[in-house]
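Just below sit the structures, each encoded as structure tokens.
Below, subunit A partners subunit B and then partners subunit C, in two separate complexes.
Let's look at the complex of A and B:
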């Protein structure tokens, strides 16, 4: 990792150290307000990791987009679209799991590639292009389902409901493995993280993504296929949304066309609080992991202490600002 | 960019034609009812429209035009204005908010168009009939149900709906009235904003913190279901009674049937009653100014 340590500078100047500082601060907060010891139980951490996984998967795709100098506002809507598609295919149409998973990945990637093409080929602002995709994908999800949740209850022609069984895949993804110690969705998240690390740090495409985000003109002059790279980053983000959507569906045992509203902001916050720059060119997938854990723990600590919604929102705002300032002051 | 512009123009034209095709003209013969729904984002409101459609389909002489205001007060106001100028025979409105929609409802009423207000109220008395259920009463029934089904000293978790919304506040107020005189303790409460994913997360926290929880009262069935999943993941679901509100046929009623929820309290949509009342009004019969819908309890079989 090139950002880890630059010779001649104190270790605190590395982005990873600063991000870790914020995480440790939040953890100390948790140890202080431990809700009668609940914070020290492994179950609390395991459940936090489960709850944060869907956001984490979105943040993985978002990291690539932000490093390339873009933004993706459509992640929450594509998540909903993938979640209803997956439920429809598996619960109602009884598709075999592998085909349904592939079809969902296809839908997610198609949406991502579409935003990417609008940004790279039609030269639209990423904010506008993905805002349009956000609205469109939400509409498509509602249209496909007729506005209703896709669940085990299947509407018959006479208006009554018949109940079908849930495919085994749902229960498996919503279960825990390794002697009940980690949720399957958390492993899905870690897999996405690893794949994004390979893409960003081990492949030539990854260097191109940093180059495009750092200085688009210089990258173009050095022969980087700028347009293609942009399209790829949005396509990967779309894939991550599809994975997150399937995990969401499995955890709710249904496909909800309203799922994921507002998730884009959480995903962006997780990437940025890790220290990845919104200006592009700087950041890493590991910083995103730290950001995901920071926000996840913050949420969990407020939750186990049963802090009221009003104070919870205010505290979240204050702590996010404090975490970012903490990073800045050591720069 | 010329090519792009052309594609865009063609696309927009196609879209315009599609939208034009979707818009249906009000029929000249028969009776037309305009229905303005404040939003179709909630399954309960989708169900309300379905109930109205179902009730209307048995009366071939009436035709219902549905409009969705997408949670936008001004859009809903414009929709009622459109109904007035189209000269519909009756308007059903499920308003988003009382104050901003009162004038336009009064305007329709003054023009001699009967208006049925469904679920949420408007101010004053310039409408024909209000049909709605009482959330306070339903919350109270949920509280009383727990009082009779739990031993004294039982520990409760309350997962609230959005507490800035009236239904959330009413379901809480009613519940507190219902358990007022009983020896039940609410040991954990959280605002899950009607969402299953939030309810599950909050319940995980409650489970981590308390070794004994006897019952969960969620302000809607998805919330109770999310709490059940959290308890099931740690093998504690059989020690806890889960109750929810709404009892939609595809949600709460299924959960009760599957034994996931101990009880679900119906929050009726009033779709059927709205059409029944509309027919009476159109036939010139008199109707009460206010109809309070009764709620059914769906209970798991012992």
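Let's look at the complex of A and C:
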């Protein structure tokens, strides 16, 4: 967050400071409406982190896509596809966990690369290309499963159900470690965050992602392989979807072809609330972390105060607008 | 003495701690062209923005016809007859000419558009300016010169009495500029007062009645243009005497670096047509080859085609240092020692969202990586070195592009390309929108690179620049080279004659 130190400009104009401002406001709200002290218990925060992790993993991949000037609407569907693939391979076909994980990552990445190729090579608009992938991947997930959820109950040829054991990986990912203090999915999320940070801030490819988002033509004329970079960002997003899909399957003990509907919008909202510009070229993975936490806490605070889902959704909508307006007004 | 149309008294303005205007006086009479000159960053744009109602918090007073006015918005300024014609034209390109002229004040009856009456009215307005164009065509089908005139026509139809033109000729060809000057004469006769911002000396003396020079936010002086010699004007602008605008330079001709035979760039919009048509070109090490031509003559497309901007659509036989070159992609071109400074740093040169360091290292980023990982220290070192060598003025290397003046932005672009250690430097109007001081530094840089054996191809919209910097000059017309001249035989007349094509045999 080196922006904080940029000389000659008030610190309030730095994107990270503004994003942090929104998060702090939400935390203050939590301290105020603490539901008789529930907000001050670590368990609340741990559960919030667990609930937000799957979205956070999607948001990691989404950040790269958005910085490169694109958008990925297919993340929810690819999540579902990965989740049913993982369940099918491990629960029904009894694949060993490492192979199943690799296969899922392959499926997710293939979907992402496909969207990327449509954008970069066929010159389709990202919105259209990923919309097509969103529909296609959802269909594929339903076709693979025959429209059924993939769970421990395996349908036999005579129409009855037999129950099989859940592979240990499911239970482990759904568990908490470090004396019950943090969920494994949260650690998976943090790992994704770290890897994306390395990609965006430490690798040459990351610099190119920013350059392509900032000014595609100038980047191309400077020798940046624009098409390849675009494909890579969608590929990474696909990988993140696969990871999120597997986590989702483990948390639900099943692979649901209907899972993840609408998740793409949550992931985009998290990235944008952090302050990453939809115009591309600006933003960072840490801003996304702040966005993820802001939405996560908001949801948690409303739920511990027993605000009904109807009001929760309305309030979330209002607060998303407020946060974005806040960032705009000081620009 | 009549009351001036406009008086700006004691105008001052700060952005935060940065004082950009200090006690500036400016007045404008009806039927007068008042030139506003000054280097980039002198405060011209800020002054214009205050007049146009963009900035509302300023010190001082604006008087229209002797009455003090305070504009709360751009719209209010427009209602008082002030029209600002910006460098970036503010027309909606996909709408028709008539729709643009009536944008925001369509003629309606019961909210139904009265198309016939609008078209008739639009034709009338355009005819008053001797513009014979189809008002139902989308604006984007017309060249920039015509679009500018449409915009002027729009301003006139709004009863504007004060027109501000911000470097209007920067994107115009010579005939288009001449036409604009004719239009300005018409406007003067109609009693319109014009504030005209320009960097070009010839224009100042061609159309200006009076000149006001701004420097570092202060008005240095105002004078009638025929009473102000060019030397004094330049001294006012830069605050120092520039003895000679162009550095001396002797060719250091070596081996042939870049050779193109029958180089052709097909026109992407028209099948079978070419923007560059069988051009032969040979550039030696240590030589500057100027390519003259009006806008659209193909000189800019020639540079872009050679560099690979258009990919492998181009045809012809190109050799770099004697080895054939067929890849035609920017990446390959850079690897073979070519660099292209494009003519529009905003859209094709800089990445506005990245800082100076990141922009400088972008084209040579592989050299700053180990195993794909960036080396920030090496990057900073290189950027610092380049910015010192180019005398880049910035408070820090982490500065964003929008904090820099045009001249300094151009230096960042140059630094980016010099960092690739080019052997062949293609310069497409490198001094566009750059102030005099920075221009001079760019000329000196070119001279220095020549002595180091870099081959330079220069395309420029400014004739003196081409004449004084080039060792040889090729003149292009409609994609073809119509004339090749050596330095000593080149004159402005010969070049213009060839650039206009031999058809108009006058």
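The rule is short, and it goes like this: the second predicted complex is superposed on the first by the 326 of 331 C-alpha atoms of A that agree within 3 Å, B and C clash if a C-alpha of one lies under 4 Å from a C-alpha of the other, contacts with A are read in each partner's own complex, and residues count from 1 in each chain.
Definition applied: contacts are C-beta pairs under 8 Å (C-beta built on N, C-alpha and C of every residue); 3 or more make two chains touch, one makes a residue touch a chain.
Since the model is a prediction, treat every value here as computed from it, not as a measurement.
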When subunit B and subunit C are modelled together on subunit A, clash or fit: fit
For subunit A as apex, the angle formed with subunit B and subunit C - C-alpha centres, to the nearest 10 degrees: 130
Touched partner set for A:44, first subunit B, second subunit C, both or neither: first
Contacts of A:155 with subunit B and subunit C, given as first, second, both or neither: first
Partner chain(s) touched by A:179 [first = subunit B, second = subunit C, both, neither]: neither
Subunit B versus subunit C as contact partner of A:248, first or second or both or neither: first
Touch count on subunit A, higher of subunit B and subunit C: B
Partner chain in contact with A:300 - subunit B first, subunit C second, else both or neither: first
Touching partner for A:203 - first (subunit B), second (subunit C), both, neither: second
Partner chain in contact with A:93 - subunit B first, subunit C second, else both or neither: neither
Lowest inter-chain C-alpha distance for subunit C and subunit B in the superposed arrangement, angstrom: 13
Common interface residues of subunit A - those touching subunit B in one complex and subunit C in the other: none
Touching residues on subunit B, where the partner in the complex is subunit A: 1, 4, 40-43, 46, 50, 54, 163, 188-191, 193, 196-197, 200-202, 204-209, 222, 225-226, 229-230, 233-234, 249-251, 253-254, 257
Interfacial residue positions of subunit A with respect to subunit C in the complex: 2, 6-8, 202-208, 210-211, 213-215, 217-225, 280-282
Complex contacts: residues of subunit A adjacent to subunit B: 35-36, 38, 41, 43-44, 47, 50-51, 54, 122-123, 142, 146-149, 151-153, 155, 159-161, 163, 174, 176, 248, 251-253, 256, 258-259, 299-300, 303-304, 306, 308-309
Sites on subunit C touched by subunit A in the complex: 16, 307, 309, 330-331, 333-335, 340, 342, 347-354, 358, 362-363, 365-366, 369, 372-374, 395-396, 398, 403, 416
